[in-house]
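Each of the two complexes below includes chain A, the first together with chain B, the second together with chain C.
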Partner chain A sequence: MTEHVNTELPAYHEPSSSFAKEIELEPGGSGIMHCIQCGMCTASCMVANMTDRYRPRKLIQKILLGKREEVLTSELPWLCMTCRLCEERCQEDVDPTDIFTAVREIAAREGYIPAVFQNAIDKVLEDGWMLNDSYTDFEEDDRSDLGLDADLGWNTEFVKKIKKRYFKGGIEV
Partner chain B sequence: MKEFVLYTGCTTPVRLPAYERAVHVVLEKLGIKLTTMKDANCCGAQYIESVSHTAFSAMCGRILALAESMDLDILAICGACSGSLKHVKHDLDSNEELRNEVNDILEEEGLKYTGTVQVKHLLQVFREDIGYDAIKSAVVNPYKDLRLAAHYGCHVTRPEEIVQVDDAENPTIIDRIIEAVGGTPVDYTGKTRCCGGPLLAMDDEVGNAIGRDKIENIRAENADGIVTACVFCDIQLTQVQFGEGASDKPKIPCMTLPQLLGPAIGIDSESLGIQLNKISPQAILEAH
Partner chain C sequence: MTIERQSKSVTDSTEHGIKSNEALVVGGGVAGMQAALDIANQGFKVTLLEKSPSIGGRMAMIDKTFPTLDCSACILTPKLSEVSRHPNIDLITYSEIKSVQGETGDFRVRIHKKARYVDESKCSGCGDCVSVCPVELPNEFDQGLGFRKAIYTPFPQATPNVVTVDKKGEPSCRATCPAEVNAQGFVTMMRHGKMKEALEIVRRSIPFPGVLGRVCISFCEAECERGMHDESVSIRNLHRFLADYERAHGAAPVEAKIDKKERVAVVGGGPGGISCAYHLARMGYPVTVFEAREEAGGMLRYAIPEYRLPRDILDEEIQRVVDMGVKIKTNTRVKSIHDLKEKGFRAVFVATGTWQSNKLGIAGEESEGVVHAIDFLERVNKGKEVEIGEKVAVIGGGDAAIDSARTAIRLGAKEVTLIYRRSHVELPAIPSEVDDAKEEGIRIMLLTSPVEILSSKGKITGIRCMRMRLGEPDHSGRRRPVPIPNSEFTMAIDSMIIAIGQSADPHGVQTELDCSEWATVKADPITLETSIPGVFAGGDVVLGPLTVVKAVGHGKDAALSIDRYIRGVDLKEGRIKERHRVQSFEVDKTNIPFDNRAAMPKQAINSRKRGFSEVELGFNDAVAAAEAERCLGCANCCECEQCVAACTREAIDHSMNDSVLDLHVGAIVLATGYRLFDITEYPQFGYGRLPNVIHALEYERLINAAGPTHGHLVRLTDGKAPKSIGFIQCVGARDVQKGVPYCSRVCCMYGIKNAVMAKEHNPDTEVTVYYADIRAFGKGFEEFYEMARTRFGVNFVRGRVAEVNPDKQTDSLSVRFEDTVKGELHEVHHDLVVISPGVQPPEGLADIAVELNMDLSEEGYVTVEDQVIRPVDTSIDGVFVCGCADGPKDIPDSVSAGSAAAMRATIILSKVDE
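Moving on to the complex of A and B:
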């Protein structure tokens, strides 16, 4: 019997795009290449604990594999609570929180942004602060009863400059 | 007397004004002077932060620069605000290009960020500027037989190297203050986990499940109350105890740290806005 020697090299997995490199250049994204896929982040994550939809390690894996479209159009990067428990525990100094924020920033640039985020962004850029619509006579009275100033004095002009400079119609350009 | 400018953030003044009030009266009694920042803008946490790092830096940068113009350090009482301001300060201090960009927008208003301002979360002021000994000696009406669970808040303590508040894995400031006022701090499973609040916008069911899990872990230790240091955490850990899916067991009152501290140092509960707390902490107030 002749011995079969496998002369073929093992198959290499090449990422299907340079998405991970793109993330690496974004603020906070620099650690992504150090991820060893240990899963400590998923083990620490309360969102993962409560729903099967979300697994931070898997999401990082998808980025490393280059699945750009799939990640950018998915709700997953927006499910991170940014609690940074995983970041505190990651032994490779990867910041999953900042990585997902970088993903969100790129997704927003390309027009993928969940409606709740878009609405909140529009509000802040319109009013200068988050809760203008919720601040009614009722809350004003509570403040006055507590001896606090009912006039909150928020600046509304600065956000107009922010909007003009960094956003067009609410979505970042 | 140490003086700070208080940046209230968007949420405390509207949703939890009693916290703002309690911060004022308690810090004043412990020798800290506060001025409230006016003409401020939202820090941009979570929402602007998610879509433009530069716009977010400009929004926090303006708040930092306003404080510089007043020549005062900032006191932040919300986890999201303190985390954002500290993060952006860190970025502005280490990234000249970003600093120039931010200063370019601020210039029109005559503001400039140079980096002299410090940002402190309330917990730091208690530990660093007042100190545990001063708190202990201010106590005139200590609590007795009271088991309290501290909830620190993710953005208050993490990432440790940037926010520099406490040991992120084993924070102790709230616990030490609970001790200082005569209470017994209790540990519980998942103490440093999130309250679930930041997830409410995207998935309130999962966000609330996370909050309720924390409540049940606290209940398992027979705690009489929860002590918080962030407006979002306080509201979240309160509201998950109501409505559909909430446990039918007795509710566990949440109090912000200055509301717990106040009565022990001789401030009446009305001045601390405790009558507005959604779950009455009467049993805590009577535990002397």
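Moving on to the complex of A and C:
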């Protein structure tokens, strides 16, 4: 449908910012040029309902205006919790969820990852799971009582496999 | 000044290659009307075809036009009357295109004309019929907000000014009744408390509302559409109630109206004979009924026990027939049908019934203590002393078997066992009777058949039976019982009643006619004619032993045949039923709460086993009224015929049928209009779930002085004037995801107009319009938008609404949106939310396109040859388009297109003239 609109109307006006074009080429970012800033996404958004800082329409507006640095260094694109209600309701077939994923991809490539997200990933890559620090004798006892294996050593093995497969082009680190 | 032209259309649909100078305009909206008028004013004949009962289209529904705020009806009504009075316009409403053939200059169009049940040439639109109609239905013209009757004009200025009967066909209850009792009709009258009229509807078909109200097998209830939802309406008990009600309140005296000379004889005073005599007497024929027994009533009197049918009920209903002028000669056995005809009877109806009990054909059947059901019941019903043993076996599973078993219990039998050879599924007796029998302690032994009657010194002592299983279905469609080898067992009994069916008397008077090998008369299934002209036969003597209502139905059919025979009219013509039977899917059962049918109050088990007083006690007024309310009114019109009585011009004819019309035209103009987007596809707005969320056309009807609220803008939930109204724009338009990427063009302006009208109705109302863009693109539109903002104080907010939620505390609707100008997220409360839906291609346009072999656009609109220079030409030569059929248009543009299409069409028509 989107291609259809593009080819039918040769004089179709598009925002000129290079950042918007960059997002458009990123997987998931293709719909951004159709945004008419109607506000349906913000009004539908669960996160926007809870915090005044997060406004998906404004974020997309900033992308369209080419505010590359501001968007990539902001932690706002990382706040989308991917419920996709905005995508369901958007009348222009824009997909803010996927657009923010594309923004995160670029930001991550350029090293702009909010500390809280970076920490979480580091922790997982180190221990294989998030809760290693809170895993104590008490839990071990509880697991034993329930007849479960108290030794969770398989996690390191799992991390190894992940690293082998996804990092450094598949070469073991 | 209209030019005179000679019409060049041919009526013969087989001739081809002859050009016609007439035009067809499809769709009677404002565009179609304009096109028709413009063609007609150039002297060409035009047929204006409209699907609904009236022309006027959407414009007639609209309150005000934009941007001038003129009254829509005031502009349209003169046009409506101009169309209806124009000598060159042939207006065909309530009709649709069935097929189109041919090419430009020579189109053969077949039109399906729905039956209006009203003669358009006689009806004056006075509305006398409307006020007496008992059926209320949602009015489509008022978008279902108001009500209309089943006989109606959609709006006061409807053109043509004639009423229409909304009738889907024949309801299942009536279609299945052998006597064609109009169940929906009398139940509807009962809902309005019109018991007398209701009873009159029953009596149009049967003389026995009280009798059949007790003993009918009620085929109607088995087919009742309510039964597909929860439980069927208790139709039988309702007409019993009507009869009881009349007894309690006193019946009007019956007057004999015998005004004809031709005498008719009826042989047999059973239900069939009495029914035939009754209907003939209603027509004015002098009838004599010959009954061999002491009293009339047949099986009703001599077979059906009193606890089911009290004799005073039967006597009174037969007396009513006698009061109508029917002579009943009892104790008179007719010896010869020929003699009757020689004595001066013009026609004879033979309904002598089946009185001979079938024999089991097993050893010991002649033993003392073995009786046959009909003999047994007849002796009991005549009040004779009947001896019955303590242990009784009844063989058979029909109503006679159940009646015999329950009678035996009442005569003092201790243990009664009913033996039936098939399973409970095939048991032919009325189910409620079987339940009653079980309650009274009768044992029912299924899949068992007697093989031998054991006797000692000529008196029965026991019975040897065999167990059965069910095999393949036999010719009757029921599964055949097959004996299980070595399953014999013996039961000690001292009485046995055999109730395995009856046959006609092989030496009876009916044998003068052509008979089958079972001595039943061979009669035509529709006319009931026999081998002798003027002699008709019906009831059990034709069908074999069946049920009362079939005999009563035969009596009615025979009366019709006899009337036709005497008048010398063809007996068969028009009697084969062709009426459409209302199908299950045609009856809307949504939003109908589940409800059980009314239970029949019954006499306590212990007391009823001691005597023959009536078991079923009948409904009281409240129960009957509640039960009547359960009727779904399947066919809409209930054919109570109150309208027929009210009409002084004899314009209403309930027997009309749909018809087909053939047209020969040179050019076709499509003006099929539009439909609104179905906004239930946006669940977040709650339309259909939240009653105070309405769409724009509903709003138009609410603010219209001729609308359901007489122009009072109120909320549908509490009838209060809303203090705050929100208008949501761009719903079902400019929505790529919903397949409507295009702008509907009219919503912005009609939305603003509606917002202004809200202020006009009450200037204190807070009015907010939620929009994405305001498209005020025409002359005066921008000014109108400006005026709405500044002079009327309508609040415009840029931002599409995400959701509408109910707020129970304040009884309002909370609307969630982002004001994109200020960048603020809001939740605002409104009392009323009006959605402005986009425009969609009309229903049925695709079907017409297939007939014309024409392409439609991706969205479903007609594609025009060239949007810029040939905007009303379709891809088919001689077919033009105007109005919203090729895309959304406002009223002025639709009318311009109508004139343009008319001009393009007349170019073709005038070439034919040259």
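In this section, the second predicted complex is superposed on the first by the 123 of 173 C-alpha atoms of A that agree within 3 Å, B and C clash if a C-alpha of one lies under 4 Å from a C-alpha of the other, contacts with A are read in each partner's own complex, and residues count from 1 in each chain.
Just so it is clear, contacts are C-beta pairs under 8 Å (C-beta built on N, C-alpha and C of every residue); 3 or more make two chains touch, one makes a residue touch a chain.
What you are looking at is a predicted structure, and each value in this text was computed from that prediction instead of being measured.
Q: Under the stated touch criterion, which partner chain does A:93 make contact with: chain B (first), chain C (second), both, or neither?
A: It touches chain C, and chain B stays clear.
Q: Could you say whether A:55 touches chain B, chain C, both of them, or neither, answering first, second, both or neither?
A: second
Q: Answer with first, second, both or neither: which of chain B and chain C does A:64 touch in the superposed model?
A: neither
Q: With the two structures laid over each other on chain A, which partner does A:75 touch: chain B (first), chain C (second), both, or neither?
A: So A:75 only meets chain B here.
Q: Which holds for A:101: it touches chain B only (first), chain C only (second), both, or neither?
A: In the superposed model, A:101 contacts chain B only, not chain C.
Q: In the superposed model, which partner reaches more residues of chain A, chain B or chain C?
A: Touching more residues of chain A than the other partner does is B.
Q: In the superposed arrangement, does A:47 touch chain B (first), chain C (second), both or neither?
A: first
Q: Which of the two partners, first being chain B and second being chain C, lies in contact with A:36: first, second, both, or neither?
A: In the superposed model, A:36 contacts chain C only, not chain B.
Q: Go through chain A and flag every residue that touches chain B in one model and chain C in the other.
A: Of chain A, residues 49 contact chain B in one complex and chain C in the other.
Q: Would you tell me which residues of chain B are touching chain A in their complex?
A: 8, 10-11, 13-15, 17-18, 20-21, 24, 36, 38-42, 44, 46-55, 58-59, 62, 91, 105, 108-109, 154-155, 158-160, 168-169, 190, 192-194, 196-199, 201-203, 206-207, 209-210, 213, 273, 276
Q: Help me check something: in the complex, which residues belonging to chain C touch chain A?
A: 684, 730, 734-738, 741, 772-773, 798-803, 816-820, 823, 825
Q: Using the touch definition up top, name the residues of chain A that touch chain B in the complex.
A: By the definition above, chain A touches chain B via 26-28, 46-47, 49-51, 75, 78-79, 81-85, 87-88, 95, 101, 104-105, 108-109, 113-114, 116-117, 120-121, 124-125, 128-131, 134-135, 139, 142-143, 146-149, 152-155, 158-159, 161-162, 165-167, 172.
Q: Hey, which residues of chain A end up touching chain C in the complex?
A: It is residues 1-2, 5, 34, 36-40, 42-44, 48-49, 55, 57-58, 89-93 of chain A that touch chain C.
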